[in-house]
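So that you can tell them apart, the chains are marked A, B and C in the order they are listed, and the count of residues begins at 1 in each.
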Amino acid sequence: MRNIWLYGQFLRVAVLGKAQYKADFFVGIASVLVLNAVNLSLIGILVYNFDTLGNWGIWDLMFLYSFWMLSRGIYGVFFWHLSDLEEMIVSGNFDAYLVRPASPFLQFIGKEISYTGVGDFLVGVLGFLLAAAQLKLKWQAGEWVYFVICVLSGALIQMAVNWIGASLCFWTTRSHAAMSIVERFIVLMQQYPANIFGKYFQIFVTCFLPVAFINYYPSVVLLNKAEGGTSFWQYLSPVVSLVLLFVGALVWTRGVKRYAGTGN
Amino acid sequence: MRANSMSLRIGAAFLHSEFLNISVYRVSFWLNLVYTFLMMYSVGYVWRALYAANPDAAGVPLPNMVSYAVMGVALEAILHPRNGPQFYIMEQVRKGTIEMDILKPVDFQFYMFTKNMGGLAVRFLFLVLPSLITAYFLFSLKLPHFSALMGFALSLACSVVISFFLNFMLGLLSMVTMNIKNINWGYNAVLRFFSGQMVPLWIFPGMLRILGNILPFRCIYSIPASIYIGNYAGMDMLGALGVQGTWIILLWISSRLLMKKVFARVMIQGG
Amino acid sequence: MIEVKHLKKEFKIPVQKKGRFAAVRNLFSSEYTIKRAVDDISFCVGNGEIVGFIGKNGAGKSTTIKMLSGILKPSAGSVTVDGIRPFEQRMENARQIGVVFGQKTQLWWDVPLIESYRLLREIYRIDNITYQKNLERYIPMLGLEEVINKPVRQMSLGQRVKSDICAALLHDPKILFLDEPTIGVDVVSKKYLQDFISEVNREKGTTVLLTTHDMGDIEKLCSRVVVIDSGHLMYDGDLESMVQRFGAIRSLMVEFEESVEDFQVANAELVRSEGNRKWFSFHREKTTPMEILHFIVGRFPVHDIEVIEPDIEGIVRNLYESK
């Protein structure tokens, strides 16, 4: 309880800090919109020429993309600065978190919020509404609940993957490069349905770097895209997110312990 | 003669320091290599999936298309704006040490170019070549005819120069506006769209295709990759190289003019 | 209050390979050497003491402070701070200590200073009365009234360090660790800081351990100094006996009526000659100024003399060099 209260206090200060840079806010959102427009147009051009992509039509792909944007927006607002960890370790600023009577993780996570996530989330909402109208989705309450849970799970999966990646810098000092590569990989992956990538790749993004659970499997379930009926494991996004969070917590804890052994 | 041997020495020194750089950050080097493989693999599959639905829509056979896409991924390792000189310039401007670079007895643009070529050569040797060789064995990368290969090499050299000029001009802008992070973002997005790196320009619909052909960005990925797969052959190839050459001259002149303007401003303002 | 026994800290440092194709070989593996940053150090700090911790850069000062504040885990030996082992009981330790690293701020960069303080109140769970009382006392003492509503990024270094020290004391810590608090700080702010630290020490009995290169800080604040070099303890004791023990080299300046040729004096060394003046340095136990003068006055007409006692900076330099 105290930690949640404290996190709230941290966020309050983070928002106050961001409010100092109003120009950046609009430029940041604008550039997010441009980037999303480019991504969507490229997919649009492909499907305009080829009609479908692995049995996914243009509006299915729109749904897939918007699903990702919704979860990425939430992740981005609260956790975008995970990649700052490297800089904090190298500069020694991380030390400050260890001399205060609060969890270093809480202090680090509460350090900042990011507004680019707001742009992603807006694109997500817009795209989802468009896709839902075009696909004539008629969902029951259960599907809505599952949808919301999966968007949150998707945000948590992205957070956990980046959390684990960032924590690597406790061992290697440099983790930014690794994180940016994973990020670029996710960016490309989430735009396309994973079924087009062949068996090995699907196994990779399902079992090893389970980014297919961010938006692909939830979309398969909700759009009923699985051939021969949905399998139970395709529903498992929330479980995957919890498992990854657990792994992230483990890696982080061990990393902080190691930091105490090596300094910077 | 002396200037030549000096620039050679400078070039060798940059090459060496860039080389040390990648060996110090070896984790990121290996990850970059893995990333490049994953990307080649996945773009190949995207095109296969698209062709499965409609084999004739792109106007070229699938193996050519896959080679085009694999080339786009491989070349990204040297042509992505993140490897350009603009971040170095921005950093120097921020630290207030850019005057030191400007006042060096070497032409600033030439200095930036050699410095940039060091990193580029290292990335070409250690990222692009190994990934292309692997791609040949794993992802059925097509080998071009001799003439196409020569044209490709020439065209790639041109695209390196063109992308340098564009990045360099962005760097010059940072001397005026201080922060080009957001501008660079926008440039990145436009480049991704109009360079044909991910989706070839010739399947763009009407107006967008015309716009793409007017803008210089297609010189960076689209032209060398198209020559490689034989889409531009014979006179078409010479024409495409001519377009690149024209852009080099245009961008060279405009970057010199911009540099003169910006330097005049920087020197008046002091630091 | 602080007990350090046989404390050691080792780091693993990667070695860059040299020679042919070194860069290529570095792509595959790297070797390490062990560096002992702190090597068998023992000392105690009593309640309410101000102890100056001095040594060259890389001598192991900051590493020791980091072990005392719970950031680093000792490789061997033991540390207790008021009976608490800092690393194993990090949270408990954090509540009773305040830490300031002069070169980095622990405040929130973009928000007004007062917001940082409010947040620290929540983190340390400072009750309202203590918080208000401390703010009202410390802000005027440090001259922070004009910056309390300013974001930290707009402050001068002096203002920033003062704000940081105030932040570190809001929760009434028993012990204050200061790592180079005055480095790069202007003279006026430095004076504020020194007065403030000695005032808080007197008023609240706060134990202070500070590392510094500034001998002014030491002379003004510390009754006791601990000197370390290359991870070893060189000296631990009060300031005067350090001067006695290591300030053995004194000098004598003699100004003659006219310029004279250089000459030798028994047990002393002619170190400098300028116009009519000459400087002789000598060891405290080998000869006295009187003996030297006695020798000179018989031979040359003397206009003026001055005995120069070593300053602390010189003593510390001697200390390093004598190793």
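Operating definition for what follows: a residue touches a chain if its C-beta (ideal position, glycine included) is under 8 Å from a C-beta of that chain, and two chains touch if they have at least 3 such contacts.
Per UniProt, the chains are A, B = ABC transporter permease; C = ATP-binding cassette domain-containing protein.
This structure is a prediction, so every number in the text was calculated from the model and none was measured.
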- line: Per-chain Cα centroid nearest the overall protein Cα centroid belongs to chain A
Query: When A-C is set beside A-B, which has more C-beta pairs in contact?
result: A-B
Statement: Taking each chain's mean CA coordinate, chain B (ABC transporter permease) and chain C are separated, in whole Å, by 52
Message: I'd like the Å distance between the centres of chain A (ABC transporter permease) and chain C, where a centre is the mean of that chain's Cα atoms.
response: 46
Query: When the C-alpha atoms of chain A (ABC transporter permease) and chain B (ABC transporter permease) are each averaged to a single point, how far apart are the two points in Å?
result: 29
Multi-chain contact residues (two or more partners), chain A (ABC transporter permease): none
Message: Give the list of chain A (ABC transporter permease) residues in touch with chain B (ABC transporter permease) in this complex.
response: 24, 27-28, 31, 34-35, 38, 41-42, 45-46, 48-54, 172, 174, 177-178, 181, 184-185, 188-189, 192, 196-198, 201
Statement: The chain C residues in contact with chain A (ABC transporter permease) across the complex are 11-12, 63, 66, 69-73, 87, 90-92, 94-95, 97, 99, 101, 104, 106, 108-111, 115-116, 119-120, 122-124, 151
Message: Could you list, by residue number, the parts of chain B (ABC transporter permease) that touch chain A (ABC transporter permease) in their complex?
response: 25, 27-28, 31-32, 34-35, 38-39, 41-42, 45-46, 48-54, 57-58, 182, 185-186, 189-190, 192-193, 198-199, 203-205, 208
Task: Sort out for me which residues of chain A (ABC transporter permease) touch chain C in the complex.
output: 5-6, 9-10, 13, 16-18, 20-21, 91-93, 95-96, 98-102, 107, 260-263
